[in-house]
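Below you'll find a set of structures to go through.
Heads up, the next two complexes both have chain A, just with different partners, chain B and then chain C.
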Partner chain A sequence: MYGFEAMTFNIHGGYLEAIVRGHRSGLLTAADYNNLCQCETLEDIKMHLSATEYGPYLQNEPSPLHTTTIVEKCTLKLVDEYKQMLCQATEPLSTFLEYITYGHMIDNVVLIVTGTLHERDVQELLEKCHPLGMFDSIATLAVAQNMKELYRLVLVDTPLAPYFSECITSEDLDDMNIEIMRNTLYKAYLEDFYRFCQKLGGATAEIMSDLLAFEADRRAVNITINSIGTELTRDDRRKLYSSFGLLYPYGHEELAVSEDIDQVRAVMEKYPPYQSIFSKLSYGESQLLDKAFYEEEVKRLCLAFEQQFHYGVFFAYMRLREQEIRNLMWISECVAQNQKSRVHDSVVFIF
Partner chain B sequence: MGERGREGCCPPMDLMRSEPMHLVQLIIPIESAHRTISYLGDLGLIQFKDLNAEKSPFQRTYANQIKRCGEMARKLRFFREQILKAGFSPAVRSVTEADLNLDDVEVKLGDLEAELVEINANGEKLQRTYNELAEYKLVIQKAGEFFHSALSSAEAQQREFASNQSGEESLETPLLSEQEMTTDPSKQVKLGFTAGLVPREKSIAFERILFRATRGNVFLKQAVVDNPVTDPVSGEKVEKNVFAVFFSGERAKNKILKICDAFGANRYPFSEDLGKQAQMITEVSGRLSELKTTIDAGLVHRGNLLQTIGEQFERWNFLVRREKSIYHTLNMLSIDVTKKCLVAEGWSPVFATKQIQDALHRATQDCNSQVDAIFQVLHTREMPPTYFQTNKFTSAFQEIVDAYGVAKYQEANPGVYTIVTFPFLFAVMFGDWGHGICLLLGTLYFIIREKKLSSQKLGDIMEMTFGGRYVILLMSLFSIYTGFIYNEFFSVPFEFFSRSAYSCRDLSCSEATTVGLIKARDTYPFGVDPAWYGSRSELPFLNSMKMKMSILLGVAQMNLGIILSYFNSKFFGNSINTWFQFIPQMIFLNSLFGYLSVLVIIKWCTGSKADLYHVMIYMFLSPTDEIGENQLFPGQKTTQLVLLLLAFVSVPWMLLPKPFLLKLQHDRHRGQYAPLPDSEESLQSESNQDSHGHEEFEFSEIFVHQLIHTIEFVLGAVSNTASYLRLWALSLAHSELSTVFYEKVLLLAWGYNNVIIIIVGIIIFICATVGVLLVMETLSAFLHALRLHWVEFQNKFYEGDGYKFYPYSFALIDYEEE
Partner chain C sequence: MERQESSENGRESNEGISVKEENILNFLDSVDGYLILMDSLSSTLRQGWLELASARHSMGASRINSTLFDHKLHPASTTLQVNEQSAGPDRELPHFTLCKWASSNNPEKYFEEAKFGEDELLKKSNSLRHRDISHNSGNVCFPTFRFDCLGKMTRDQGFDLEALGSISMRVLKPVTNPLEMVVEISNMRASLLCAYDQVQKDMETATK
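Our next item is the complex of A and B:
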């Protein structure tokens, strides 16, 4: 029903779209970031944030603040907003909203499994998990010894179960295959999400496929860069790329055989949307790539708000808030560790 | 409200125009700054301007103090939460202005918080142990039952088995003999087990995971605990199940332990031995009672602490709030280069000058400061804030005006007239003295219990009604008045002032409805003659009367609006508006609708049968025709021609001269300064002129604006007059509705002569009267009166683009925080 969303969208989605747009207008602006970057102590940051929407979440924190507290409270706000929206949502928006959290679920699973492998305390690991990606039996992950058990014991009950079909092996878990598992899961998740959005159709499909394609391409680049110099074979590497996106399929072929960062760059520069990202970097540079990607992502996410009657705004809002929390974390860390000169290294202005 | 001396004999005309304000500058020595601001806050008559708007909150001078206050406020919130949780309520505010030192309070708060946190931590620890023991006891009891029942069933089986054994061998006799089964304990697999509690909603998932993890090699037994158990970790009441898991092997044990941890299942050591179990139970019970006394003692101690905090709480809270606001204000002041004094700028009413100077002086003295604070008035072209001194009676009416827009500084305030016109227009639509009395009783209740009600929290709607109690009071009084005029009491007419002027032609009154009545007495002295009600011509008569009355009221109110625009232009010295806006507007409105009103009055006085519609319509269509039978007074035709001509002339009069004159004025200003470019003074004044005075002068814009204004007025004169007919329409609707309820419910029920039906009828009547007539009709009449004021009345003169005076005042701060 492309083009006819305007007639029916507001029946179920209108209220929540209004809510999410309201939330968006509460995002910190460049002026806020400028002020935050001038802060001398964490108290200053709290003081500044108390004038924003984070105020009620931070006001009851006793005085010696820590970066973790700030981040935790800010995340709590995001989670509260998410839960509120999820409560109000009807199908298919509620499924869409749930899809947004699967990425965090994958991260959490990997976090717990890696943590247990290195014999960390489960409770401590649970605290580090992103609250959006929590599910009931997450703590039980610690019991599993290999992929098969992981799947059979815990994940079969979670929405992640279908994504697991490709990585069930009875090998014991180690760092390498956990990382592969993460990427396989993510690939399956992105593809599934992509299919789901296509099924929704309309402006949602149009906007989400653009955003997800960017996500997939970014992951492909990251996988390539991270796997350079490891024992991951080219075929294995190719298997981790999602089967959609701008790079699919020819870019993937080339990425799979890239052996250093400059080759990756040569591949990517063939794609006009990514040219601008790479043109900012000097040759051989990969440190700033993350930031460049984040900036591009933020730009695209902001554009999602320019169109009405689609679900992409929810995805975009969640991502923007997460970016904002990352920014706050970075600023707080810099302030706490007296590294104020580095504040601007990783802060991505949203507006 | 504050009493103040005014020269002259006239009563203060505070509400006519907003208070004269001036921008003042205070230069305060830094050592007395705090006290000065605090005294000014007590006074509450100065609105500080933020002179540091470009600085972020933490870069300002007193950021640290604000942080301290914020921290203290947090502690106080913590105390309040604790006190409320413990079930005390903070003591009622003691308004003793005891000198509390902020630093002392800060130290004290810190100590108290530390103490409270420690007590809480200890209490929590004890509570946790207590809860653990309570759970343990449950486990022992419930799991003990498993073992007990298992044992008895095993015994029963064994007995059965034994009895089978003793009997003859049959086909059912197991091949393995009993000896083989029981002996050889070394080979027997030792079953391990663990027992504990698991939250009930997780119990199914728990069982499933256990099953999966051990591939079914596990035996789980669960028992429901009836009452919710306090979870030792979270301290919340949770529904739980007691479980006992039996397993074999070390690996299974590890897995099960991990799963138990993951599910938040608390495990407890447990022994199979029944004797030991009994011993454990007594032991645990003993410790439980011991802990109970300790916890109770701790609670009493904590209660005492909270009680002492509660006594002081309001004072501290008060102090901290004030201090925080003082530092916020101090942050708005700019600091002098020498860092010896602070410079404040703010608006204050002119009359408050003396009080402010007094406060400054007192502050200097109390601080033993060497230097007095300096008070000086600045001259500025900025628009000052609008400040009306209202009291509890006038404030609600002023609110009605402010809701539309805050008056421009010193512009004529419609609020004064609203006090009378608003309730009156309402009453015209709500004319029924029975309903008026009901409203009056309701609002009198609010007014009598004013003191009590204003101190407590009411609901949203109640709050609004309570806030507007004086508006409602006047509304009800006026509706009683118009009710008498309409002669309606719940739609029943009364012969209140004398007998009806009319009587029947014959005794039986048989022709009253067809032929009519004859006038027998003098005209009914006040209001509508009751004989009209129920007659055939009731509606035509009342409609004609109310319609004409609405037009008269409307024209009068619109004229008042236009006259107020004259007072505005006179006050602001704007003669262009007087000559080219006020006068043509007056002429236009009155030559059409003023004339209509005059005709109405003449018709009423003379009892003429002229058709006014006809007169008005043909005044436009064919002004030169003979009027004929519709003639109301001699020379009517000439008068109409003149009026029509005036109306036509006044339209271009309104439209054309003003923009051209403004342009001329602007050009003249230009011309004045142009020949003196080299004089420094004129340069300065010109730059001032440019920066503050007229900005861009765009002739086309002014012209279009004037065009819109003129069209709006000309069309508005017609449509606004028509709009006043809502007075008639609503009044008609009101009286018809109440007639329906009276006749179709009350009288109908009365006719049945059945007690039950009568009671039901009365109940329905009361509900309908209260729900529909007293609540909904009041609301709709209120809204229409509001519209008539905002749109029809105020658009004639009211700019409403000012901003409110918002003084720095402790009274306001205290009010807000609650």
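Our next item is the complex of A and C:
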């Protein structure tokens, strides 16, 4: 139940909530996307973005422009905004904001470990890491040979340490184990974030529970579909599902034994919130499922702004910006590859 | 007698002209086939690049990037066989065949051959490496790149649990169609060059 947040929230969180709502109004609109979709070259995209909040970040970029440069600069803007909010936040908001970046930290750890396995240079790998997921000792990940060393040498001093208890083994790191490690870490992170939000209580707990439950359910579906036809056993697949969400526990039981996409659809259609997602797809199709999930996620994230005095707006804003960057990346790729007919395949409008 | 000789000469020259025309037609057919294959390959690769961008969009740039390429040498699971085929009297045509998922009883043999780096392949492009002299055929093994999220080419146990977090992985099937097309283009090019040689010989004969 809600507490008296309206009376006390603004003392510590009012300023930053106002800031994040101001940032939210800078998100690109459908009109912006229509203009961008009609661009012929990346220079045109740069010109259109110069009139938006991305302008200062792109104006000094020399020609020829690359799609990776556009994504990099847009991400830099998000990182700057995040750091400005983080340095002004007090507890528990500062911890909440840090939680938002742990997913990127996991991705960076896996990137460094995978790249090292493939004998890539550490500097090259560090350049490819997501800036939101950086931490001080990240470069030392390259020396670890197995998960125990990974934990002992590097990760024990990072926020990811508690998530490693489920996947510490002495097995050598190889591609298969790394992928399972990634998903196990992410599961532990989601559960921990969920528990933290529940402890905060009030509107934050309610809104974040819904958003994180959707994330957990989406991951369960993705894991199921991607592991169909592989040697991942049902038990191993079940272990990768989070222990919360709308699908927990009965949906997970059915997903664990699904052998094709139509069985997954049959499971998901029993849950009304996901019925609309799967109704958009024809039988046997999974390619549009990604976009359908993104659209549903954006809808839920936008709804978070309809309420005040909770931390969900910060999470929602970060996710919406990431979606916007994905949209810009896709539009840039379609323009660069002269495939403008496909530009609307993956763009998800936010407003 | 003279009339008979001249009619025989005329018949021979008619036959010679028709053979020359046939050679020219063969050459033009080869060129046409070659251009169609090149166009098809270009279209397939274009599609492939967009699918790659789509995967990067869904899974994130940190999961789809060049760090997934493995710089280690692996036994090649797809090899190219080059054989010599007879294309007429005193003529041999190289014929390329793609051998996929080839398994060897002696994996070290494959590893030995896969030690050819790309540079060495370029330097030795005109010399064929003979795996077995008795078969009198050359095998060229390409070093295999391991794609963590894109392909399953080197995973012997068939466990292709490459990426679980995003559905787009299913969109990226192992890219074998372009390889087959490249081999087809190589064969078409070989026959094109052979037809061109023939046409050139006919022209030289005609000028003499």
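Going forward, the second predicted complex is superposed on the first by the 349 of 351 C-alpha atoms of A that agree within 3 Å, B and C clash if a C-alpha of one lies under 4 Å from a C-alpha of the other, contacts with A are read in each partner's own complex, and residues count from 1 in each chain.
Everything that follows uses one rule, which is that contacts are C-beta pairs under 8 Å (C-beta built on N, C-alpha and C of every residue); 3 or more make two chains touch, one makes a residue touch a chain.
None of the values given here were measured: they were computed from a predicted structure.
Undergrad: Using the superposition described at the top, determine whether chain B or chain C touches more residues of chain A.
TA: Touching more residues of chain A than the other partner does is C.
Undergrad: By the touch definition at the top of the document, which applies to A:Asn60: first (chain B), second (chain C), both, or neither?
TA: Only chain B is touched by A:Asn60; chain C is not.
Undergrad: After the superposition on A, what does A:Asn183 contact: first (chain B), second (chain C), both or neither?
TA: Touch status of A:Asn183: second partner only.
Undergrad: What residues on chain A touch chain C, complex-wise?
TA: 68, 71, 107-108, 110-111, 114-115, 117-120, 124-125, 128-130, 175-176, 179-180, 182-183, 186, 219, 221-223, 225-227, 230-232, 240, 286-287, 289-290, 326, 329-330, 333-334, 337, 339, 342, 345-346
Undergrad: Over in the complex, which chain C residues touch chain A? Could you list them?
TA: That would be residues 46, 49-50, 53-54, 56-58, 60-63, 65, 67-72, 146, 148, 157-171 of chain C.
Undergrad: Once bound in the complex, which stretches of chain A touch chain B?
TA: Its residues touching chain B are 35, 38-40, 43-44, 47-48, 50-51, 59-63, 122, 136-137, 139-143, 149, 152-154, 157.
Undergrad: In their shared complex, at which residues does chain B touch chain A?
TA: 56-59, 63, 66-67, 70-71, 74, 77-78, 202, 205, 209, 212-213, 255, 258-259, 261-263
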